[in-house]
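Written out below as structure tokens is the structure these notes cover.
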Amino acid sequence: MANFKGHALPGSCFLLLGLCWSLKYPLRHCWRKRQPQGRPKLPQFFNRIDLVEGAIMIFLSFVGIMAEQFVPDGPHAHLYNREANAWVKLMNWQHSTMYLFFLICGIVKVLTTSSLPVPPGLDRLALSLAFFMEGFLFYFHVHMRPHLDTHIHSLLFVAVFGSAASTLLEVFMRDNIILEILRTSLTILQGTWFFQIGFVLYPLNGVEWDLEAHDNVMFITMCFCWHLAVDLLIVATNYCMAWCCVQRYVVRGCDMEIGMRKTSSSQKALLQESDEE
Amino acid sequence: MANFKGHALPGSCFLLLGLCWSLKYPLRHCWRKRQPQGRPKLPQFFNRIDLVEGAIMIFLSFVGIMAEQFVPDGPHAHLYNREANAWVKLMNWQHSTMYLFFLICGIVKVLTTSSLPVPPGLDRLALSLAFFMEGFLFYFHVHMRPHLDTHIHSLLFVAVFGSAASTLLEVFMRDNIILEILRTSLTILQGTWFFQIGFVLYPLNGVEWDLEAHDNVMFITMCFCWHLAVDLLIVATNYCMAWCCVQRYVVRGCDMEIGMRKTSSSQKALLQESDEE
Amino acid sequence: MANFKGHALPGSCFLLLGLCWSLKYPLRHCWRKRQPQGRPKLPQFFNRIDLVEGAIMIFLSFVGIMAEQFVPDGPHAHLYNREANAWVKLMNWQHSTMYLFFLICGIVKVLTTSSLPVPPGLDRLALSLAFFMEGFLFYFHVHMRPHLDTHIHSLLFVAVFGSAASTLLEVFMRDNIILEILRTSLTILQGTWFFQIGFVLYPLNGVEWDLEAHDNVMFITMCFCWHLAVDLLIVATNYCMAWCCVQRYVVRGCDMEIGMRKTSSSQKALLQESDEE
Amino acid sequence: MANFKGHALPGSCFLLLGLCWSLKYPLRHCWRKRQPQGRPKLPQFFNRIDLVEGAIMIFLSFVGIMAEQFVPDGPHAHLYNREANAWVKLMNWQHSTMYLFFLICGIVKVLTTSSLPVPPGLDRLALSLAFFMEGFLFYFHVHMRPHLDTHIHSLLFVAVFGSAASTLLEVFMRDNIILEILRTSLTILQGTWFFQIGFVLYPLNGVEWDLEAHDNVMFITMCFCWHLAVDLLIVATNYCMAWCCVQRYVVRGCDMEIGMRKTSSSQKALLQESDEE
């Protein structure tokens, strides 16, 4: 869908996903750090968030595939037109393929939250693959276009392949908050940059950009850096919010618990004795 | 062998290898996870599979080398024709060289299963090298061909160098199921993609593809993604099968064993005492 | 600022930063190694150095941004000239953007030294990002210039991306002295190379270099290696100085301490007993 | 020195270095594995080998630098000819620079074997840097030459950058036998490939190669693979020899030692008692 909406849709998805992550991961990290040593288990709450995240990913990817196929000027699930001896709307098919890998990623995510014996880290591998496939298809997507068009899409590669690489690292270093923050920032960057691409190539105010001017290319390069700076600010703000939130609720919870523990310590001692037998 | 068979042969080899791995690694992983902590040793069975795998690799590589050398239009082990002042059938020689490194890999694999002091991980290094050499030779193989021909071979690089990189990682992270699944998927991808190359460049139904059309290039790029998606599905299915299989046999075996243990526990206690002396 | 000063300013900054690091890291490393096992904590002194370093980074980056914006021929915070329909002084804006990421890095550094729950390693990630953004902007900066100009800037990439990569590794391997030495050397290399670029492109003695001669390109390549060799020598010298320094003061301190310990050992034993109760 | 000798000299150096390593590392590895758990310390012998290796490296690099400077058609330590306004023999200067980094590497190696507090792994970093600098200078060395000349030098990059990368890994994974074998193989490959370059570009039998023929490029690519295969065979043979050697001497030594131990066990028990006091 070569129009503003076609860029706003994936942009919104990535933005939503990134913002969700920018709250989830700091919350989980701060929760873990606030907990006393003896209780490393996360509350069920975080598992449920993962489930919801996977479900939303499946839903959005499915919507994406359907939208690309069945918009009025879409291929309507036809791949090859035998009469014209030509492929039908390959652009839309490629977009559908991109969504397909995020769909797979969502399914793996949901399976991971279940009790099935999915190897740990498989959801990160699926996500890394989805990002990689997105970049891979984009790479062969942007040939033979005007200079600025190619350039603005190429900048997306930095975010996409950066995400793919950092998520691949997460397969081996799970629950590393630094990598999670990096992935979150790069995902938000993808989101905001999709909007920027939409604004530049299909300007809403009707003033067309000169797609061959070197100055525009220079500005867009710099603009990408500003996007990243703003996205880092958003992630930092959400991290602070998550920390304050955990600080308030966990401390209160702990106080209550400590109170409860004192009263029940004699009972526990009895229970432990019976457990150990 | 620039015909359909010349692509179907390596394709079948990689497909066979990948399918074999897609059962072996999940079986081994699930077996390990089902075992009680105190018995981390794998049954002899898995060692024997490795031996068979190495032997088959040696055999297939040897067949490959011989086939490339002694097909009717092959070089018949002649490298340089002094009369014509020309190299003889370098294409076949290059293919033989590719097989050579898989032959080395097979030999290392067989040695690893023996009781010789082969450093752990050497078989993965040899495999990584074999994949790397395959990609390396292909890289200088595809110059000066039509656009689609170059492109369809280039896509193979993604699978080949991906395999090489993930196998290299395995040298340092041995028995990581995620990496093994990744390598398996990429190997099956190589297998199916070799068939795809054969179908496109030497179509069986006789309808030639336009090797310069941009649309064909776009379709092939997307097709590569679909291959990967299907290969992931195959690996996932085999993983499930392996899990069910281990679930059934190990659980039954454990029950039997537990029964046997109870009857023999007094005898074992006696044996242990004599061992410790 | 396309003149000698515009290259001397960042060159001095990097040189200062690198020299500071070339003393700080060896000092810290030697201090740690000299300490008896039971006292791994660093003195407050090193924390304070980090704070000062962060503050200087913020200050210099801020000065850099202001200088680029408000020099007489700068953009004075104007980005787009609506009358001329043109971007204003994009070169200066790009330089400001580079400084911006070092500003962010300085802020993260200061936050890390505070008692706030900043995830460990975030300061290295911010630094890596700052280096990466510097290289990224330079990459699209040097198009369409004379051969030697492009080449001399390209060599900078080796130092910049090398720094970015080695700093990224430090996120996962914190306090690894080898990586810290590598980063220090590459930062000093950036510093001296900025000066070299200034000397070549805007020669102080007025003798212009032939920017298209192949021999000059060859010399500059080699010159880069010599810079690295000299920088390694500087780092090695500072490492020796730091070691001698720690050797002298720690040993003396230890002797004093041992003396004090002997006299107070009986008191400590009493204290420990009361602590353990 | 653009003649056969100019390629045979570095070729011999690398070959010598590689062959030395192909005995040293397996010997050390097998020694370690044969030793009983309680005695992980290596005999002084291996430290002395490192010292000799470093000294030889320094000597050969120094000879290399001197040879490049003071051969009859060398620059004789003149860098710039003010009269002709031209650089003097930059090719020789570049070769000298390459040797310089191996000289640095040798110095670091010697320092590492001393009792000075050199951070562990610094010798690998210096070696990695030396390989990287060699590749870096070669990269800008081979512009504007005939096709085969460029290609045959480019293949060297695979070996050189491969060595640099694997040695860089060794900084973090010290004494990993797999990485040491890889580095050894790639160093021998460099050695034999330098000879191959000499044979192709300056043929001893006087029959010139056609430097533009595509077939020659294809053959050379394949030839590189064969070199690697042969080098792997050499390394494997030396590994076997080292293993047999350790097997024979250590086992004999152990037997002797066990005999000695039995007779002296009563004395040792007495000594230990006095040590523990």
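Per-chain numbering from 1; labels A, B, C and D assigned in written order.
Note that a contact is a pair of C-beta atoms (placed from the backbone, for glycine too) under 8 Å apart; a residue touches a chain by one contact, two chains touch by 3 or more.
None of these values were measured; they are calculated from a predicted model.
S.K.: When chain A touches chain B, do the two copies use mostly the same residue numbers, with over half shared, or different ones?
M.R.: On the two sides of the chain B and chain A interface, the residue numbers are mostly different, under half being shared.
S.K.: State the chain with the largest centre-to-centre distance from chain C, centres being mean CA positions.
M.R.: With centres defined by C-alpha atoms, farthest from chain C sits B.
S.K.: Tell me the angle, as a multiple of 5 degrees, of the rotation that maps chain C onto chain D over the C-alpha atoms.
M.R.: Nearest-5 rotation angle for the superposition: 90 degrees.
S.K.: Report the inter-chain centroid distance for chain A and chain C in whole angstrom, where each centroid is the mean of the CA atoms.
M.R.: One centre to the other, that is 32 Å.
S.K.: Can you compute the centre-to-centre distance for chain A and chain D, using the mean CA position of each chain? Integer Å is fine.
M.R.: Centre separation, chain A to chain D: 45 Å.
S.K.: Residues of chain A that touch two or more other chains: which are they?
M.R.: If we look for residues of chain A contacting two or more partner chains, we find none.
S.K.: Thinking of each chain as a vertex joined to the chains it touches, would you call that graph a line, ring, star, complete, or other?
M.R.: ring
S.K.: Which of the chains are touching one another, listed as pairs?
M.R.: A-B, A-C, B-D, C-D
S.K.: So in the complex, which bits of chain B are touching chain D?
M.R.: That would be residues 86-87, 90, 93-94, 97, 100-101, 104, 117, 119, 121-122, 125, 129, 133, 136-137, 140, 143-144, 171-172 of chain B.
S.K.: Residues of chain A touching chain C in their complex?
M.R.: Result: residues 29-30, 33, 158, 173, 176-178, 181-182, 214-219, 221-222, 225-226, 228-229, 232, 243 of chain A touch chain C.
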